[in-house]
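Heads up, there are several structures right after this.
Two complexes come next, and they have one chain in common, chain A, joined by chain B in the first and chain C in the second.
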Partner chain A sequence: MFKYYVQLALSSIMRSKVHSLLTMLTIALGIGACTITLTLVSSMSANPISHKSEQLFRVQLDNWDPNQAAISPDLPPEFVTWTDANNIVNAKQAKRQSASAITWGMVNPTEQGLTPFLALMRVTSKDFFPMFDVPFIYGAGWDESAEQNNDYVVVLSKETNQRVFNGVNSVGKTLTMLGATFTVVGVLDDWHMSPKFYDMSYGAFSAPEDIYLPLGLKAVFELPHGGITSCWKPIESQRYDAFLHSECINFQLWVELEDGEQKAQFNQYLTNYVTQQKTLGRFPRPLNNRLLDVTQWLEYKQVVKQDIQVMFWLSVMFLLVCLINAASLLSAKLHTKHSEIGLRRALGANFSQIILQYSVEIVFIGLCGGILGVLLAIFGLQGVASLYAGYGQLIELDLTVVTSVIALAVVGTIIAGLIPVYSACRPAPAMQIKQ
Partner chain B sequence: MLTMNNIGKVFTTDVVQTHALRDFSLQVNEGDFLAVTGTSGSGKTTFLNVAGLLETFDSGQYTLDGQDIQGLNDRARSQLRNEKIGFIFQSFNLIPDLNLFDNVDVPLRYRGFNASQRKERIINSLERVGLGKRLKHLPSQLSGGQQQRVAIARALAGSPRFLLADEPTGNLDSDMAKSVMALLQEINQSGTTIIMVTHDKTLAEQAQRQIIVRDGKVCDSTGPITRPESVSATNV
Partner chain C sequence: MQFFLNLGPIFRALMRQRFSAILVVVQIAITMAIITNGLAITWERFLHIERHTGIDEHNSFFLTSSGFTQGFNPRATIENDLSLIRATNGVIDAVQTNSFPLSDSGNWYELQTTTDKDAALIPAASYKFDEHGINTFGLTLVAGENFSAQDTLWLDEADSQWPSHVLISQATASALFGEAQWQTAVGKTLFVNQSTPLIIKGIVKRLHAPWVDWPHVEKTIISPARVTHNSARYVIRTQPGRLNDLMQSLSASLAKENTQRVIRKVKSIQQAKDEIYAADIATVSILLVVIVVLAFVTAMGVAGLASFNIDKRRQQIGIRRALGASKGQILQYFMLENALLCAIGAVLGVLLTFMLNIFLVDRYSLTPLPLLYVPIGVLILFFISQLAVIKPAVRAMSVSPAMATRSL
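Coming up: the complex of A and B.
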């Protein structure tokens, strides 16, 4: 019987091609717009490390001006000073700890016969890589000894390795940069956290850095301060180390804590640390330490801006309007079928057979509209990606979003489309045949 | 056998109640050819619709082939209609988008016959009405008389016990009407019980029996009319 319903549906669609196409296009427009917006919102609001987001904590300490909070009403700054970053990382009170900051410098791959280029770099602790599950294609991060000795070691991004070493295994090879010779210890695989929660200084969806090197080398090479740098107190001199030992903040500090007990212990450690620093004349404000896990941090940073959320609801409403329009078109079409429905009932079709017959046609139209909508969404997303280059890697069609929107369209079309069929089936067949 | 005992049917609108059938009692035996006549609004079409399970009734008792109709759900009524009753309508009621083969196929699909059974029945019934060579034609390509023959073929394809015809010649000229009437008589002679509603007294006279309906009741009859004395619940 199902085959019969499919035959009837196809024949009905072919008989009213223009009408059916209009209905499908109406659904497709709604789905296309909704899928594009949902994909953007879903990508932007996704937690890129959900499996351990409750174990990773952003550390905030309030070393700010006693007369004015860093962030209103009474929130601590988002970054920490060089002093605090080093003290806390070296104290090793968490399972893992990582301080990092963006910087940049010249790379001179003369040995490889390439022209020098300016590279975006990240100075960081060795725990950065295991903490954030950074994937390696060759080698690994540097070890404790390299970190303590400020060895000239680097980890390259896959792109940089491709650029300098043609993508081959470069572990153990040397690279001239910052006027010194560095040894490559690791090469990352493709890695683009989105949003880039561990450092949103250049935007939540900015590209990852080209080169990673030990935190201590920032001082050795007096590397520039990338990202956001804020100071509430004048720096004593123009010397580089004066900045490092000032109350200026520039470093992202993250720790990994396995459970509530470790979190409580670490909190206590922070309290003790700040109390001890107060005795040295620092931290003039009341104790105001914060540990936010990844989810809390993303919420706090409002990664998904309000205007995008408004856009999301607008697109959902647009989809609903399209579905209502599609339902009106279907309703107009099915209204002409009242006498056929009555006749079929007179000839022996029961209520559920009639509903099933027209459901097949409606589902078919809904599905075609859905597939057309997804195609529109693919083109639309490519358009968005070409307009906003930074969002290129972010914009990937999410299967969950696509299936949800198509399911919504099909269910919406069925509900809307079956209303006229249901109302046509309610009167006695005799009345329908008369019509 | 079709038995109606004191059937009542009232149509209610916001402003008026119309008693379409009042204490309507009738028995139609196996193989009968019954003509139902009456003025417009007398209730004859309502009777036919109730008899064909196209309309429910409000009171009384109706048994079709020993089965009590009251209380049957939609599925059971549809099945009974499909298996035991064939319909012929005044305006033919063919589906314009389907060819003759597919039009006749409609009731057979709901009956659950397989493809070869359906094909055999469709071809046989279309041949029986003289349209065996026009299987792929659309209804719009046929004359009114031919369309009514297709409707008759559709009604016959499922081998129903009862054929209910509502003004089957109402939209036909006299020659076509005669040929359709001859076909109905032939069908009746082969054992199918026919109940035909008509305005045409000449056609009615060709039936075995006639009843006249007035104000929703059987008021007169010719031929061997049978009024049910009682309908036992044990018939259910």
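Coming up: the complex of A and C.
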């Protein structure tokens, strides 16, 4: 019986090719628009480290102006001072802890016969690499003693290693930069967290840095303050270390805590730390420490642009219009079939058989429309990606989105198509045959 | 009168096929809600992007010179570079600056007219460049005068000294001295950091801050200083049509002139603008595509329903023609039927438009829809659907009266 319905559906579609194609195209447009916006939303709200998202915490302390909150109404600043970054990292109260900041400097690979270039750098703690699951092709991050002694060690990104060492294993080789000789200890594999949650000061979708070096070297080389620097109190003098000892914030502080118990302990440590600092005349505001995990942090930073969410809602309404349009096209088609339905019912077909028979046709149209829509979306997304120059390459169609929109297309078309079938079944068969 | 008498039968005929009529009405209503809100967002963004920053955006570019050797002399390099650039054929003027509009990096200070602790603080973005800046950026001086060469201070990176004279933008002057008295600001003193006094030497009509989304984007202060730094940024204004070739040739000749530094980040102001507004440009483009496609889909739906109705009523049209209805009256009937659907759709559409807008404003802090957009939305929908119905209606018009005698 089912085979017969399929035959009927195909012959009905073939009989009115233009009409069926138009219906599919209408559904495809709506599905295409929804797929595009849904992909944008999902790729921007992606959590790049979801497997340990509940174990990584952003640390915020409130060292701000007693008369004015850092972020209104009463939120602590997003970054920490050099003093707090070093104190908390050195206290080692969490499973892992890292403070980092963007900086830059000249790399002068004269031994390699290359022209000097300016590289974006990240000064950070050794725990940065294991905390964020940073992949290495060669070597590893630096060790505890290198960190304590401020050894001149570097970790290169894959691109930088390609540029300077032609991609060979450069661990143990030396590199002249910042006017000194550094030893390469590790080379990263491709690594681009998106959104770049651990440091979004150059944008949530900005590229990772070229070179990583120990945090302490920032003071040794008096490296520039990249990212966002903000001060509520004038700096006492123009000397570089006056900035480091000031209340100016610039550092991204993260800790890894395994469970609720560790989190509670760390929270207690932070409270003690701030209370102790208060006795030294710092932290004039009330206690206001914040620990946000990655998911909470991304939500707080509103990584998904509001525009895209607005477009998502508009595209859902757009899909609704397309489905209504498909419904009216299907209902117009059904009107030409009233006598056929009447005939089938007069010959003994019951209501559910009629519904089943037309459902086959409708599901087929919906499925084709959905698939066509995904194809449209693939082309559309290429256009959209070129519009979002900065993070266009990060927009990818994922399988969940594709399967869910195709399912949506089928369900939507069934609802849109079966209402006219239902109304066609109401009058007495004899009346319909007469027409 | 005849016109309104027609509405009765049209309405009753529509009620006989409620389902398809309701579908079209709902479709028109939703389309109107999307188009009206979409157009409002698009236009707002467009105005935001096209806002004039005060500088010659079309004929200017910038580049950074970064010294890297121990013996690198920043001051001598800047002086040499600028005289080389200014002497180049096709260059109108050039300046070394800490920042420029659309660059997205810079700093700001809080200004006051007194040193009183309680006086209002006016935030203003800080630019530091010499007397060539006015000409390089193409700024308009509306009061007072430009810096002289003697005003300019050479500052060390760590030196927080201020020159004695500054220029401010008209918006800064208005904020400090009142909307009506901005012109009187020339010669007056303002204070930075609640302590340093500065004399206002002139006022420029418009010069935006480096950050496009800064709430105080129109407020800026210019001090005549050249900060020596291992990296220096130059802004270069060229004669119309010379931008692209000078971007290449100048960066090459600067790199050759002094090998103790690298030339990087060579970009036109227009490129910087496109990058900074990339997300807004994307929003505008996507919304426009959605609006056009949606209008098309809805037009197809309206045309589809009309031609379906006409096919069903060929005999009836024939009877009317045989009874003496003119072709024009048949055309009028279908146009009127469509207008009626459209009117019902518009009532529902206005409601939906506001509901959608309230939802978006509430959830995403969008600006509320200006009321003017509602009649615009109604007119657009009316126009689209009347346009869509013309073709089927003309077909109906040509049904011959002889049709009355035929059975379907």
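Note that in this section the second predicted complex is superposed on the first by the 413 of 435 C-alpha atoms of A that agree within 3 Å, B and C clash if a C-alpha of one lies under 4 Å from a C-alpha of the other, contacts with A are read in each partner's own complex, and residues count from 1 in each chain.
Rule of thumb we're sticking to: a residue touches a chain if its C-beta (ideal position, glycine included) is under 8 Å from a C-beta of that chain, and two chains touch if they have at least 3 such contacts.
The structure presented is a predicted model; accordingly, all values stated were derived computationally and were not measured.
When the two complexes are overlaid on their common chain A, residue A:350 makes contact with chain B while staying clear of chain C. Within the superposed three-chain model, A:264 lies out of touch with both chain B and chain C [touch as defined at top].
Contact comparison for chain A: of chain B and chain C, C touches the greater number of residues.
In the superposition on chain A, A:11 makes contact with chain B only, while chain C stays out of contact range. Of the two partner chains, chain C is the only one that A:311 touches; chain B does not reach it. When both complexes are overlaid on chain A, the residue A:407 reaches neither chain B nor chain C. Contacts of A:340 after superposition on the shared chain: chain B is touched, whereas chain C is not.
When the two complexes are laid over each other on chain A, chain A has no residue in contact with both chain B and chain C. Touching chain A in their complex are the following residues of chain B: 49, 52, 54-56, 74-75, 78-79, 81-83, 87, 89, 93, 95, 97, 106-107, 109-112, 154, 158. Listing the residues of chain C that touch chain A in their complex gives 19-20, 23-24, 26-27, 30-31, 33-34, 37-38, 41, 66, 68, 70, 158-160, 193, 262, 264, 274-275, 278-283, 285-287, 290, 293-294, 297-298, 300-301, 304-305, 308, 312, 356, 359-360, 363-366. On the side of chain A, the complex with chain B involves touching residues 1, 4, 11-12, 15, 339-340, 343-353, 428-431, 433.
Listed in rising order, the residues of chain A touching chain C in the complex are 22, 26, 29, 33, 36, 106, 108, 115-118, 179, 234, 238-239, 305-307, 309-311, 313-315, 317-318, 320-322, 324-325, 327-329, 331-332, 335, 384, 387-390, 419-420, 423.
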